[in-house]
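Read through the structure below, which is laid out as structure tokens, and then see the notes.
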């Protein structure tokens, strides 16, 4: 079981009731197995009495087994502390399916970040209810699935979408300006592994045409919000938000154009954090170790 | 009627239906009276077909009468174009009454800006429903009016507040974290000349305890909004907004503390723009020439 | 000479010594020719006693001639006020040649903005000293010119580059992370119509490897600067700058990656303003009417 | 040695060569003494092979001795890992001496933050080479030391300043726009415990009149930098920086005024982090656990 050469990085993500000795238990286990911590963040949610931890480590030495054995050995410690936990090899690229409609800016942005190595992911499929983005996606070497949604075929197309997710082994689904209301059943399928970008600073301006709502209210700042998809429209746990100053001279169409950049930036950060296992759910809020 | 030496700056603020020749008419009138434009902004609201203009000028020459005569001469031009307009001598300091409750940060900030010359205003009175800020206000040489509001005396105290505004000749009333719901009648008294700071990014989190609402929703950015006071609570025309990033580790109390800086900054900018006649109402929106 | 139907928008950009009556002269001339001002900004540089103006107008009426006649009629007014001026039809798309090396992010960004209509320009050519970006550029339908620069052929390749600019009728050249030191002669060819993006917050970290310099100095914010190209390396008039927060945990490579977004954003804004004739030179500074 | 009731929070700050088992050793020691970690951050500087850790804990149980005994017990662990370390009771307020000249905005800001509990510190003395701020400082109940510096008495006044620091038991000296060049000897006295605010975005615009330098260069963003004082003027390790957008219309005097807010904000954050033991030196860079 001895190994030569450094392995990893690996990342351990933990959520458990707060009590004494958690860090000692975890770090002692890691040290005993020749693991060396390179990055670690802890957070104690005193309001709900919960403890959150993300630890990145490399391993180099005879006591480091393979990842499966490390997990197996960790399981009793996790059980003793009532942990929800995950342990990932950061060398394995997550698989991400992207959905888009007619606005391509977020899709372009994600694909260029993937190509240039900024986002470490594989993209086995792009799904769209329109055919506009086919050329760019196929030039990028990614299969394009055109699933037009009409009055009567939503359930059918959601079933196809679900099958694509399953077949591709997707770890994450990204709704990159996918302009479709999802059925509650499909939301359940996606729960916990689907990020949406909403083009407003939630909870302001939920629902349709948020930039027009923003113009009408005369706000001086517009924004975008990346959040996990849940059954409640635009109500899922918020991952990231950012804003853009505007003024009286901007028409609703100007806001639509100006908002593109902040939508791209916010969505790209949310996806990156999810790929790097930096996000932990805390009820309807998110803990994010950046 | 001849004058020697440069006069001004003066500022002319105009709002009127959009049509050809407005700028020509105004600038020709000013040029004929030896006025020299130093700063000017125009905005055409194409949606409502309105034209907005703010022009700063100095005057130096025999054709410049006094301000009263300049106004008199301008009146027919204004009438011909259906203008709402104001013409101010920027050398005259506006009078500003400030109201505060227990949180003093915005008050401190405004008074220091006034003292250091950043905000050109006179402060004839500070009004409060508490006595906490008396010492600092009186050290600053400003009369302090303690008007405690209980269950039965709101109308009475609002009448006193109204009298203070009238006696002091206030051009502007600033609610610098004044934690009282105003009666509709008092809102009418204040309409168009009263700025409030709300400690959220409106329209999110209206009403009480916005930082607690923000924490509960798990937003990643908090904000503050300066707006004109109208009868509808936290619904008046927005003047300025700004934001502050937060994360999962911040408690509601942290948000309260972190929000102070952005409240001060937003309110100070709104007051400055009003003092400099940069704000023009456009329905429930504001045009701001910065 | 009568016309029917609205024409424009057109944009008039003026720089002249400050004196009374400029606005009156210009706006009266426009009004007389049935032009209606939709947007206008004036700036008086009191330090250098200069006046800057940008006026956008539409025309609708019998007194509006064609643009050539409008220019001809304006020439004597301009001469009387010692104006440097330009008058453009905003319906005509400027031609922009883009140069790139191996980092493609700014190029991708500019091409997507062009395709989606955010940047109104035609791109007759992309020039590169490497061949990496050929596939994407050609997929976009734009001719790709590979001009590899070695020890001995710089003058020759700059001559080819100059010819491409000339043949394409380019109004603007954008150096989108083009990693070549230009000869003084080529800088002269480009002067006034070439924008470069430098990956630091100038004047900090001029020259090579600015992100490594920034890491070494331990700054907490990195930035990017778009500027006009002049003979003095990284010393030309600044058009736009923006920043990104960083911290101790970021390696120089992290800074390189994080900087990409701010480089794209800064360059895109600078190009947009130039396309919309919003930038006027004021010595080694720029006046920008946004 | 048994105790009842929760104690703390305490904060342990560690810097040492990176090796396996550091976190295990520290956290096991804390757990054995009934300490409960509430907040922790680790950072591994791979370039210099150093490990940094900040751990906040509370203690509640029979195994928690007093702080002195906890330190004593920790010393051998620290020695075994070559640690530089500090262990503080966060209930003890640090003592901070503030120096100021004629610009009072940072001083006002710090004093109001102290009064309102945002900054947990005692201020035993304010030192100034001018007498302008006496009234506000004395109204705040803080002794004011007027040490005018002329051509011949700098050494003498620096000796008095040093004595005030010594007598007051100051943990930190803050130069809140103290406009004096310090002698190398006095810099040595202050090293590691003195924060200065410089009114530019370092390394741009070192030395005198940075806002005038910024205007002259035509930058579009100004900034401020809080840094530790060292012998090299404006070259000490940077703690915090922030920026403010400006444009062509702003005169050097405008920049001076606009810069005040960002100076206050940057300095206040730097002081807060130092008071909370969040800053660790890493050569000429700083590690900051926020």
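A few remarks follow.
So that you can tell them apart, the chains are marked A, B, C and D in the order they are listed, and the count of residues begins at 1 in each.
Simple rule for what comes next: a residue touches a chain if its C-beta (ideal position, glycine included) is under 8 Å from a C-beta of that chain, and two chains touch if they have at least 3 such contacts.
All figures in this text were calculated on a predicted structure; none of them were measured in a lab.
Relative to the C-alpha centre of subunit B, the farthest chain centre belongs to A. Counting every residue number used by either copy at the subunit A-subunit B contact, over half are found in both chains. Mean C-alpha position of subunit A lies 37 Å from that of subunit C. Chain centres here are Cα averages; for subunit C and subunit D they lie 42 Å apart.
Among the residues of subunit B, those in touch with two or more other chains are 39, 43, 46, 249.
Residues of subunit A that touch subunit C in their complex: 39, 104-105, 108, 112, 116, 118, 135-136, 139, 249, 257, 260-261, 265. Note for the complex: subunit C touches subunit B at residues 18-24, 27-28, 30-31, 34-44, 46, 61. Those residues of subunit A that touch subunit B in the complex are listed here as 43, 45-47, 201-205, 217-221, 223, 237-243, 247-249, 251, 282, 284-288, 290.
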